[in-house]
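Got some structures for you, see below.
Both complexes shown next keep chain A, but they swap its partner, so chain B is in the first and chain C is in the second.
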Partner chain A sequence: MVTSGQRRHYGAGIFVLAVLLYLYAPVVVTVLFSFADSPRLSLPIQGLTLDWYASALANPLIVTALRNTLILAAISAVGGCLAGTAFAFGVLKLQGLRLRQALLTASLLPAVVPLLVIGIALAVFFRFLGSQPGLLNAAIGHILVSLPFVILSLNARLETFDFSVVEAARDLGAPPMRAFLDITLPLIRPSVVGAGLLAAALSLDEFIVTWFNVGTQLTAPVLVWGLMRRGVDPSINALATLFLMALLILIIASSQLGRRKSA
Partner chain B sequence: MSSADAVASMSTPPRSSGRGGVPLMLAPVGGFYLLFFVIPMCSLFVLSFWRAQGFDIVPTFTLDSYAKIASSPLYRIILLRTIGVGLVTAAITVPIAFALSYLMRFVFERRAQLILQLLLISLFSGYLVRIYAWRTILGKQGLLNSTFTWLGLIDAPIEFLIYSRFAVIVTLVGLLLPLAVLPIYSAMSNISRDHLEIASDLGSRRLYLVRTILIPMALPGVNTAFAFTFLLAAGDFVTPNLVGGSQGIMIGNVIADQFRGTGANWPLGAALAFVTVSCVMLIVWAINRVIRWVTRW
Partner chain C sequence: MIPAVEISGVRKSFGDFTALHEIDLAIAQQSFVSLLGASGCGKTTLLRIVAGFESASSGTVRIAGEDITGVPPHARPTNIVFQRGALFPHMSVRENVGYSLKLRKWPKQKIDAQVDRMLALVRLEGFGDRDPAKLSGGQVQRVALARALASEPRVLLLDEPLSALDLKLRQQMQLELRGLQRSLGATFVFVTHDQTEALVMSDRIAIMNAGRIVQFGTPQEIYTRPSSIFVSDFIGQTNLLPGEVVAADAASVQFRLRTGDVVKAGAPMPLAAGTKAVLSVRPENIRLAKGADGGLRGTVRESVYLGSSVRVAVGLDDAALIWAELRENEAAGLAIGDAVAVSWPDNGALVLGEGST
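Take a look at the complex of A and B:
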């Protein structure tokens, strides 16, 4: 099990690279074909063009879709962040490892239920309430599906948080709010912002729950879905590439922020 | 012990009074989950016993929807196919995830964080886009077929690559693999290298180490990964819709159509969802029992 020497690991290295290639092939292909000038999507690529970007951005629906997507992302980032941070902190402060573990596991439940089931369950609930499908309903769905990931990432990042610093401040006479604003918040800010960016990325990418709850409104993924179902159109690749870039920036920023160890 | 620690440990009473706010901190997420997760799930369950009448839903108590599912050979075929695709997907994904986690933990320890980051980035990068891209790769005139033709390996495009169960499984494995690595890798992180080294210094053979340390420690993670992968694969409807074609239709498509299709029937869709989730959970439970029995040694 504990092998010595690097020679033996060639096979293992190739395996890891092959798996990563498999995971990233779709991303690479999408970006590559967004610049290919033949609409036939086959190799060899004859020439390069930016036409697909022009035709993707010429879609009149795109402005509405982007606006709605940004609204939803902002709501999920702020809502998920506030509730998620409070929860992650509350769990950390709890006495008793088993209670902590149980709460944490329970908070992950929405991540293991298929999104289809969450989407239709929310749609049924809103119908019972008499609430018309729309952006607000979708926003609630977005917060729900991003919370497990926000809590998970915050929990990992706050585990090393040193409560004694805050307690020292309290013992020296700082009121709770003051201790929170002056000591806790500056220490956890990178983790919290990181979690917010993660929530925004999840919201940006969310399609299934949105699809069942947004009604006739458009979001970027709903627009992309409509185009995809209509058939092969290289401007989808252009739109998808822009979309991927936004997602990658958010995700990488989120993970970098988490890395800067706060405490 | 730092002075801050000393102060904190001396003054226990104010410390515990600081915990008064804990319920308040847990309340927002707790309330949100109750209102928008637990109650909607219950609503869905209740709805499965109601009846659809045209565009309206009539609140009664009827087993009509369940009877319709039980008596229809079409639903049975699609449900069985969904379970089959889910099981095959999990059976491919979990061993790959296990091997990857093992290599990250014990062979490429220094690169493990980087590999984990790459897995997470792929997990969160464009659900729809990644599915659609497989159509570009596997399509009749797609990347693989056109490359093979260009190289002179084949005369006619390989048909089964796209709009088939094969395409669905290839796509689902790619979607779910990063998610499957997380629990397995986290379980393996708990295995201390020292344990293994001490055991092997004491003369334990490799196979013995695998059997007594690696597998028992990693098993909970493997079980979780298997359950996730199976359930999420069986519940996907976008993948079969975009790459599955007519022979790749899965129960998710049928359920989604009951809610947004032309012949919508919400109670039937709700019943189908519960039947599917119950079947999957039952199978996961049975497989867990079998694995526990096999690994009793």
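Take a look at the complex of A and C:
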């Protein structure tokens, strides 16, 4: 029954291809049309051009939005890292295993709370505080969204961290802060930087929480959303492609750094 | 002379669990002292209290007469060698060894000279630029030792540093450590669960059990005059025969075994007549003679050839089994089932009270 077995094999192959097509076709189409010289989204593509990239970067709105997005990503990376590292260390130093696990779970839970809920809750909260919507509020929201992921990845690193090297440094004469700077930090730095890149990646394309809290300021996803309501401009394809590249680089760098145990 | 380390009334509890009960221990300067006990006996906790990583629930620790009970680990004149080296993986061997000197802001030339001296001491000249990950287990422990000794601590603490090594290397490192301690004239406190290791290296051994020091003495004292059943059973091998004290004078007791025989034996603790106790006889002290006269009556049950000696198990009349360690020529002619007389010299047996710890 070789033929029937092979036929089934082909069937499975076709199915896998179809799923992959389904997963990647929209992205591929967007990337392709960002280079197509016709303003209409139609096949076949006549010629290739970088004009859409030029027009995207010439649009002052897009430039402002990109700048704001990068500021938010940087704040998320640094803020998420600092808060996440401090929290992961704090949890690890606790005595009770059950308490530790409970706190860890509590810190990861926001990752499954719908972003819509987080966005609205933050907006209400900021209004209660009297804080005007703007980049600052959005940044606080971005750190909140990225923290569970930062904590998860740092906790994984710290759980396998051999603290006897830190004790050795203390024993040899290093005060606590010195031991942290000389020993702990260099050893966990790749994981911390990796977690920071992950936070930046999460921040780059965050839309829902941003939209509820950023007020009249623009970020790239918010701007794209606004532009799309007036029809698809190919420069949006260019912008999306740029985003895709940035995210890919961040995610790959983050996972590479996270995988390495020590510097 | 002021002791190098003086532990007085140190107690440590974790919640309801008492890890250490009122430990008193004075460790002489320039001596090699082992804390010996099974895992969970509190020996590592005691070492970590001396190093400053754990704080005692009560009591004081003095080093060279100075009370350091509340002093943090980085300000103590002690250094520790960890079980698995705990070398800094992102630094070279040289940087590892020189770390304590860099913290003390020694000038670079002086650090280099001292690091070279330390590496020579542990016979690792030329390894300075190696990455710790590229060292063997024995080399890692040598670097850890050099690193801990570099700042010339008053007391070196060693937390089972040889336990991860294989037997041959362990035996070699035992002698090296002992030689190093002698030539440096330093005080070494060594934690181990391996009785042979403790016997080989130590000037004195503190035997610990369930958070207490049950005996502190030279290896010879501990082996020949164990103060309790626990110690005699823990150090080396021994035959324990229960019975009752019949009569006692200052140095020895008359002891009735379950077989009904009355034997004479030493007693480290005074025991009153009528006390239930246990007789401890080391296998190497036991003599066997063919026939039934001149000792306890028994029957050869088993004979095991060990190369340098022969181990013979003899069943006594009350069915208790007693092991004798004989030289090959002494065991010649003994066959399983033979009737033998079991005896030992008067100073070869000790009576230990059931209750004594």
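Here is the rule we go by: the second predicted complex is superposed on the first by the 235 of 263 C-alpha atoms of A that agree within 3 Å, B and C clash if a C-alpha of one lies under 4 Å from a C-alpha of the other, contacts with A are read in each partner's own complex, and residues count from 1 in each chain.
The rule we apply is simple: a contact is a pair of C-beta atoms (placed from the backbone, for glycine too) under 8 Å apart; a residue touches a chain by one contact, two chains touch by 3 or more.
On a predicted model such as this, the values are computed, not experimentally measured, just so you know.
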| query | Once the shared chain is lined up, is A:168 touching chain B (first), chain C (second), both, or neither of them? | reply | both
| request: Check the residue A:12 against both partner chains and state whether it touches chain B (first), chain C (second), both, or neither. | output: first
| task | Name the chain, either chain B or chain C, that contacts more residues of chain A. | result | B
| task | Using the superposition on chain A described above, determine whether A:25 touches chain B (first), chain C (second), both, or neither. | result | first
| said: One more residue to check, A:178. First (chain B), second (chain C), both or neither? | reply: second
| task | Name the contact category of A:158: first (chain B only), second (chain C only), both, or neither. | result | neither
| task | Look at A:128 in the shared chain and tell me whether it touches chain B only, chain C only, both, or neither; answer first, second, both or neither. | result | first
| Touch check for A:186: first (chain B), second (chain C), both, or neither? | second
| said: By the touch definition above, which chain A residues appear in both interfaces, chain B in one complex and chain C in the other? | reply: 162, 164-165, 167-168, 170-171, 176
| field | Touch list for chain B against partner chain A, complex | value | 2, 4-5, 7-8, 11, 14-15, 18-19, 21-26, 28-30, 32-33, 36-37, 39-41, 43-44, 47, 57, 96, 99-100, 103, 106-108, 115, 117-122, 124-137, 139, 141-143, 145-147, 150, 174, 177-178, 193, 196-197, 200, 206, 209-210, 214, 227-228, 231-232, 234-238, 241-242, 252, 255-256, 259-260, 266, 269-270, 273, 277
| Considering the complex alone, what residue numbers of chain C touch chain A? | 51-53, 72-76, 78-80, 82-84, 86-90, 99-100, 103-104, 144, 147-148, 151
| Which of the residues in chain A end up touching chain B in this complex? | 1-3, 9, 12-13, 15-16, 19-20, 22-27, 29-30, 33, 40-44, 82-84, 86-87, 89-91, 93-95, 103, 106-107, 109-110, 112-118, 120-125, 127-128, 140-141, 143-144, 147, 151, 162-168, 170-171, 176, 198, 201-202, 205, 207-208, 211-212, 221, 224-225, 228-229, 232, 236-237, 240, 243-244, 247-248, 251-252, 255
| task | Write out the stretch or stretches of chain A touching chain C in their complex. | result | 162, 164-165, 167-176, 178-179, 182-183, 186-187, 262-263
